[in-house]
Structure formats: structure tokens, C-alpha cells
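Provided herewith is a single structure, encoded as C-alpha cells, for subsequent inquiry.
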């Protein structure tokens, strides 16, 4: 049953809204009105007029509910990263920078323990709020500060994900805190950054892969099935590699 | 440390091999030989000549280690499906047909409990072997038989994934066993199948999305960064929707 | 030299404008003003402040200069179609419906003679105006009316391109007016239309191909090379086949 | 009618062959035999058993008939380039290096006059043979030698296309021989090359665009419409710009 104060995902044809169920609230789309007090106490998955109301999925929470002061890691990328890092519920994972917390939220669903570092105090605070507002991240430890200066023992993490402008200065430290054989991943928007990263792997990382993920959505009219007119053309290149022991 | 009998992923330049560490075994690539007895007792993430040896990731296990009598669900798709179904470690998930067990293996990493049905006895058996051989699927219940004939109470599953040629006859039962608001997903290779599915959703499912996922790999030479010459052009269309209550 | 009344393509950073050089005209972008009287008599390819002014290419004319009452055939598709039809300056080509004249303009550059049919009088008139306004289409014969009712001898055209909602009723006539071995092409936005077309080819057409063309643009900053954030996700599926003689 | 000695395109299901009609010749596919003497004197577009025989299109000639000592410019790219260069039958176009002559063949269909330069004597000779063997390139002037050393007056060409490993040393000369406002295009396989090119345009070229073209083929079974399993993932990045006058 929907409860007062809960976050809900409201669909109206191709539109999607994430709203908190304030009993005095309502949503008005194309002259049709959905009153939130009518939803409270009703079962999830309800249809009212052309509105459909669900509990939001993780993807909807990230895309529609997270406050953003930074570019987020898109769900299409985050979902792939989480598995590609080889993470499971026994894994201890590191990621930095936290940014808005999107990847952090995804990793926390699958990993045992997530440590995240963020230099900018505002981003650190917003990411924490983003996750806690939606009841996510119970297994996440948010650190304020530059991971370069963090005191972390060698061979601590099963996987590390790096989302900073210039990952090169972090490579040696990432290599150190990774368990041997562990996976490191990197998100970089430009080809120049990827080249610079690859140039600096030296012999310390093996099994290198660079890839990008494209999602193509289709219009859902059965008699007129076709891709959407526009699509996301680029978010970032993903690079993965594994720590090679000496 | 690598142990005798363990499965390892061996990379040699762009080639990848999954092998069991039999002490008398070896791998011979372009006249370079890797003797397995030299690996046993060595730490993971070792480099020997041009060989790199790691514990295999889930993706590598599925792509290189699973016996296949059926088309598998590719990791790029399975990773996305797992999160898109809204699955976490509290979720009880249903999928059918089991096929070679690829999606099953991915779901089992993230979900609390996975139930899978397969009609063909041989596939059922191979899938079970595929997962057990790699120590996966402790939380998976393998059922032999057609899900249509399974006796499952209403509102049992948080999510359902359907990978059969014609999902239409299963729609009513899928709707029944899903919790209200739960996510159903479908994998279908052809556009005709997608159209047929959409045509039959009726009013029972909402929030419909159809999409496909493309992964584009790059050559990892820093001074010659460019996509690979060929790529996987198609695996399947993914359709997701949510049970709407009455 | 730019002449009064001529059409010019004006670029200002990532923006593009197609304008007629009226001496009293000007273009105002982000508080910078380009006065058209300053361009008249100047050589093509001039840079004024951040403005760059060129004679428009065919692609720019179609995308920015053509009046549209219909969806146009995009240059990326039209360029491919023109060559795929096997057209050269000895070819006599048929296309229908004319629509806004975009494909017609492209075909006229490469073919000897283009015949185009359009049922809707307004489209027919606008297409003629679109081409004549930019000095294109001297070798195009515009026909008002449904090609189904046109009196055209058998084996007349080297190639035929069909851009109508339902091409199936036209197939027999298209086959008739094509020379044996000639190429027929079809533009269809949805998968359902493509299936219907393929279903109706019967044995009369061979060498069937179905494809789509995606163009991915990159940001042109050398130190931050990366694809644009969004791209055109779909325009249409292109089908090509060849008349098989009996 | 097919003539003895003519080149024909033979399709057999998804396979394609380009063969010369030698009366003693035949083609054997999956135990079905096509005797060439049975084709001579028959009309184009004939079906014999599961074989279909046509005059080859330009695309088929390039892909199946050209001898290659170099990577060719693929038709998908060449078709786009030809129009993007703004070429028509009044245009005088320059391209180098000639390579196997694929782009040259495409440009010659649409331009008035094509000049092509090639440093390697063997490539130069093969390209000439490739075009002449198929009756193409009557308006092409093949030059043996490095374009850098060619004596060409300023403002000679309407468009220039550059397909060499390092185009940077050629930029000043390309700028010189182009008419003001003329289009220059560049084909480069790697992102590093594109960055280097963009870095060196200086203020001499405007209207810069970088893009790549992807063609996705579909299986042509109407009841099982779906993309092919694999596709060409990358050929090259295309860069276009226009000469800005001083």
C-alpha cells in the first residue's frame, strides 16, 4: 500500500514524474489531475485515468530523483560497471569521486560494502542525501576528501571504480589498495582521456578493455514498432583492467 | 593462490581462454607455452611471458565456460536486465526458460532467491551443471517443466523474466504470480515477436519500455584508439513492463 | 563573390543559419550582429567576428532551407539511396511520393533524369518551389497525381524509389516500369511496414537488402574529442531489391 | 542481354559472387551449379535455381571486384563523402592517396573531373586497373607521386579529399589548391589522428564536422525481422571543413 510521504513514480503516456506523496499534493498533466490523497492506502501499480503509479525503480530514482551538481553515471553504464567489476555481496568496493552518488547507489545494491570518496564538500553532502532520501546505501561509507590522501591498507578492495577527470595520478594508489587480480574501472568522457589512461597503465594492469554502451529505445506501439527519433549519443567510455601482481 | 582444479582465465594479447588447472595441462598460443603446474600455488593476477592469468569474472565464465545447447542471454543484456527488474538481495525472482543458465547466474548474484523453469530436460541439466561447475547459483531453484503448468501462488514474485519463443500464452500467468507493481521482462530476437507481445499486454501491464543494448569495444592501443572492426550487431530486444493492479 | 539575393549558410559556433542576402537584413546571435550588406561583393568563405559565411551545400539546403509539410528524407539516407540505386548521369529514375523534394534534389545531382509523383497538390507545389528556390532540379519532372494511375510504358526506369506509407499496392506497377535488373528502393519508418513489404515481394524481386544508417557526430575540440551527447536515433529503414525477369 | 566476358553479380541466398562470364566457367555453391554459358545472351536479372544474376552495382564492384593492396574506403563512407564534398558534375575534385581506387570510382560517378595522387607505384597501377576493368573512371586523371610535390595552381579544386596516414603536412597545400569556400574532407581510422588534425586546422578552415557512419543490416525474413548478428563496428572517422578566405 502507498504510504503518506513515500516517493512514487507517476507515468502519463511517455512522461515520467517522481513525486513524494504529500496528501495536499497533486500532479497536473495535459489538464488531467492526479490527487495524491487518492493514492495513499492504495496498492502499488495503480492506474488512475491515464496516470500509472508505481514504486520507483533504482533507475527511476537515479534519473528523476537524485539532486545533481555533477554529471551522473547513467544507469545503463552503472548497471554494466557493477557486474563488470565482478562485484557480489561478499565484495568490498571502492569508488571515487562520489559525485551525485548514482554509481554508489547501484554498487550498494550488489556489493557487501562500498567506500566512496569525494573532494567537494557539497557533492559529498548531496550524494549522502540522495541515497538516504530513498532508503539506499546502508552499506556505503561516505568519505569527504581526496582518495589520494586516504590512509588505506594495501590489498583492501576487490574492485575499484574511478570517476575523476584525470585518473593518472591515482593509478599507483589504486593498484596498491586493490587485491591482486581485482578489477579496476574508469569512466572518462573523451577519447584523449582514454588514450592518456592507457598510456599510463604500464605493466601493472592487465586484461584491459575499453568500451561504450549504447541503449536504443523503441516506441511501444505494436503496429508501428520503431526506434525513438533521438537517443543518447554518448555518456562516457568505460575502461576496465585487472591488477597484475609482481 | 591458484589451486589445482580451479578454473582460470588466461589472456594472450586479444585472445581469452578459460581452463581448469590440471597439473599436467598446458596452453599453447602462437608457439608460446603456459604450463599449468607452474601456476598452482601462485597468486592470482600473474603474468607469465605474454600470458596473463586471472580468476574468471562472471562475464568470462558465461561467455567462455558455459556449455551451450541454446542461445545464451549475453552478459551485456543480462547485466542490464538484472537491475532493470529492480532486483536486490531481498527479491524473489522468477525466470524461464532456463536455457543455458546465463541469466540465471547473473540474477543469482544480485537477488535473494531465483526460481527458473525449463521444459527441455537436457537444457535443465546442463544449466545446473554450468552453474555448479563454477560455484554459482546457491540461491537458485531449478525446476524441470513448463512454467505454464507450475503451481505457484498469486503475488509470489518481485520480478519475472521471460525468455521463450512465444511469451503470449504465459502473460496471464506471469501477471498472476507477480506482486502488484512488480517488473516483468522479456527477451525476444525479432521485431515481429515484440509487436506480438505489445499487442497482447492489454491493460494488465503498464510502464512498457522496449530497448536494445549495444556494446562497442575499442582497441586498447593508446596512440591508435579506435573501435574494433566488427561488433555484435544484435542479440535481442528487451521489453520491460510492470503489473498494474485492478 | 556573394551577390545580393543569394542564399548563404552562416555558422556561429555550433549554430547554423540559412539566409537570403537582403541588403537590409542582418543576423543577431548572442549579441553579435552580422549585417548582410557587408557580405555582398565579398568572396565566399568569409569570417566576420565569430560568424563564418559560405555558399550552402546540398545538405544544408535540404536541412535548413526546404519548407516542409512532410517528413523529409534525411541527407544521410538520401546520399546512400542515390548510390545504392546504382544511379549515374545516364540513368532515368522514378521516385514517389515527392514529399518536400529532399530525395528528389539529391537524385537530380547524380541522375540524368528524375521523374517524381505526388498526390497532394500542396506538397507537389512546395517541393517544386524548394528545388527552384535553390537552383536545383533542372532535370526533374514533377508529376501531380498518384503513380498508380500514371501511364508509363514498361521497362522505362533504371531505378525506382518508393516513399509512401503503404508501398504494397504499388509493387506490381513498380516492377513493370523498372528495367529488368533495375534497383527498387523503399523508405519505411516502422518494422511492421518492412515486414509487410518483404512478405509481398514474391518471386518478382531478388537481391533484397534491409538496412538503416546511423550518423554519429563528434564534438570538434581536439583535446576533448568525444561524440555529441545526443544523436538521431532513427529516421527510417531502407529496403533495396532488384527486378528479376521472368 | 549478358555478353561473354562481362562481369556479373551472382547471389545465392546470403552469398554474393562477382564473376566474369567466361563461357567455360561455372559457379558451384552448396552442390548447385551455375554454368556461365547458360547466362550469355540472357537478359539481366535472371534467376536460375537459387542463383540470381545481375549486372553488378558500383557497391558490389568495389566490395567484391576491386583488387586490394590497401584498406579501401567503404561504400557507406564513400557515398556520404561524395555528397558531403558538395560535388556535382561541374566539380573538379582532388583526392589522395588513391589507394585501391574505391573513393575515386565513387567520385567519378558524380563529379566532372577527378584528380587522384598516389605515392606507391603498385597501388597507383592497381587502382587504374580496378577502374578500367569495370569501365569506370573515364573522367579520372591518375597521378603517380606525392601530392605535396605536385605543381597545382592555387584555387583549382572545388573539393579535396585526403586519405593519408598523416594529413597535417598536407594542410597548407590543400588549403592553397582549394577554391575559397570549397570543402575538404579527411578519412582517419583513429581518434588520435582526428585530434591531431583538428589541432592543426588553425584559422584557415571553418565549419568543421567530425562524424562516423554506421550501417546496420537486417535479415530479410518477413516473419523474423531482426538485425544481423554482427556488423561492421568501425571503418573510419570522417572530418569535413571548408576553406575560409583571408
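A, B, C and D are the chain letters, set down in written order, and residue numbers restart from 1 in every chain.
Everything below uses one rule, namely that a contact is a pair of C-beta atoms (placed from the backbone, for glycine too) under 8 Å apart; a residue touches a chain by one contact, two chains touch by 3 or more.
Just so you know, these numbers come straight off a predicted model, no measurement behind them.
Asks: Check every other chain and keep only those touching both chain A and chain D; list them.
Replies: B, C
Asks: So chain A and chain C: same face meeting same face, with over half the numbers shared, or different?
Replies: Copies use mostly the same positions to touch.
Asks: Calculate how many whole Å lie between the centre of chain C and the centre of chain D, each centre taken as the average of the chain's C-alpha atoms.
Replies: Once rounded, the distance between the two centres reads 21 Å.
Asks: When the centre of a chain is set as the mean of its C-alpha atoms, what distance in Å lies between chain B and chain D?
Replies: 41
Asks: Could you say which residues in chain B touch two or more other chains, in rising order?
Replies: Residues 191-192, 195, 216-217, 223, 225 of chain B each touch two or more of the other chains.
Asks: Can you tell me, using the touch rule above, whether these chains form a line, ring, star, complete graph or other shape?
Replies: Contact pattern: complete, every chain touching every other.
Asks: Could you pull out which chain C residues touch chain A in their complex?
Replies: Spelled out, the residues of chain C in touch with chain A are 189-192, 216-217, 223-235.
Asks: Per the contact definition, I'd like the list of chain D residues that touch chain C in the complex.
Replies: On the chain D side, the touching residues are 9, 11, 43-47, 52, 54-55, 57-59, 75-76, 78-80, 82-84, 86, 88-89, 106, 109-110, 180-183, 191, 194-199, 203, 206-223, 225, 237, 242-245.
Asks: Touching chain D in the complex: which residues of chain A?
Replies: Chain A residues touching chain D: 191-192, 195.
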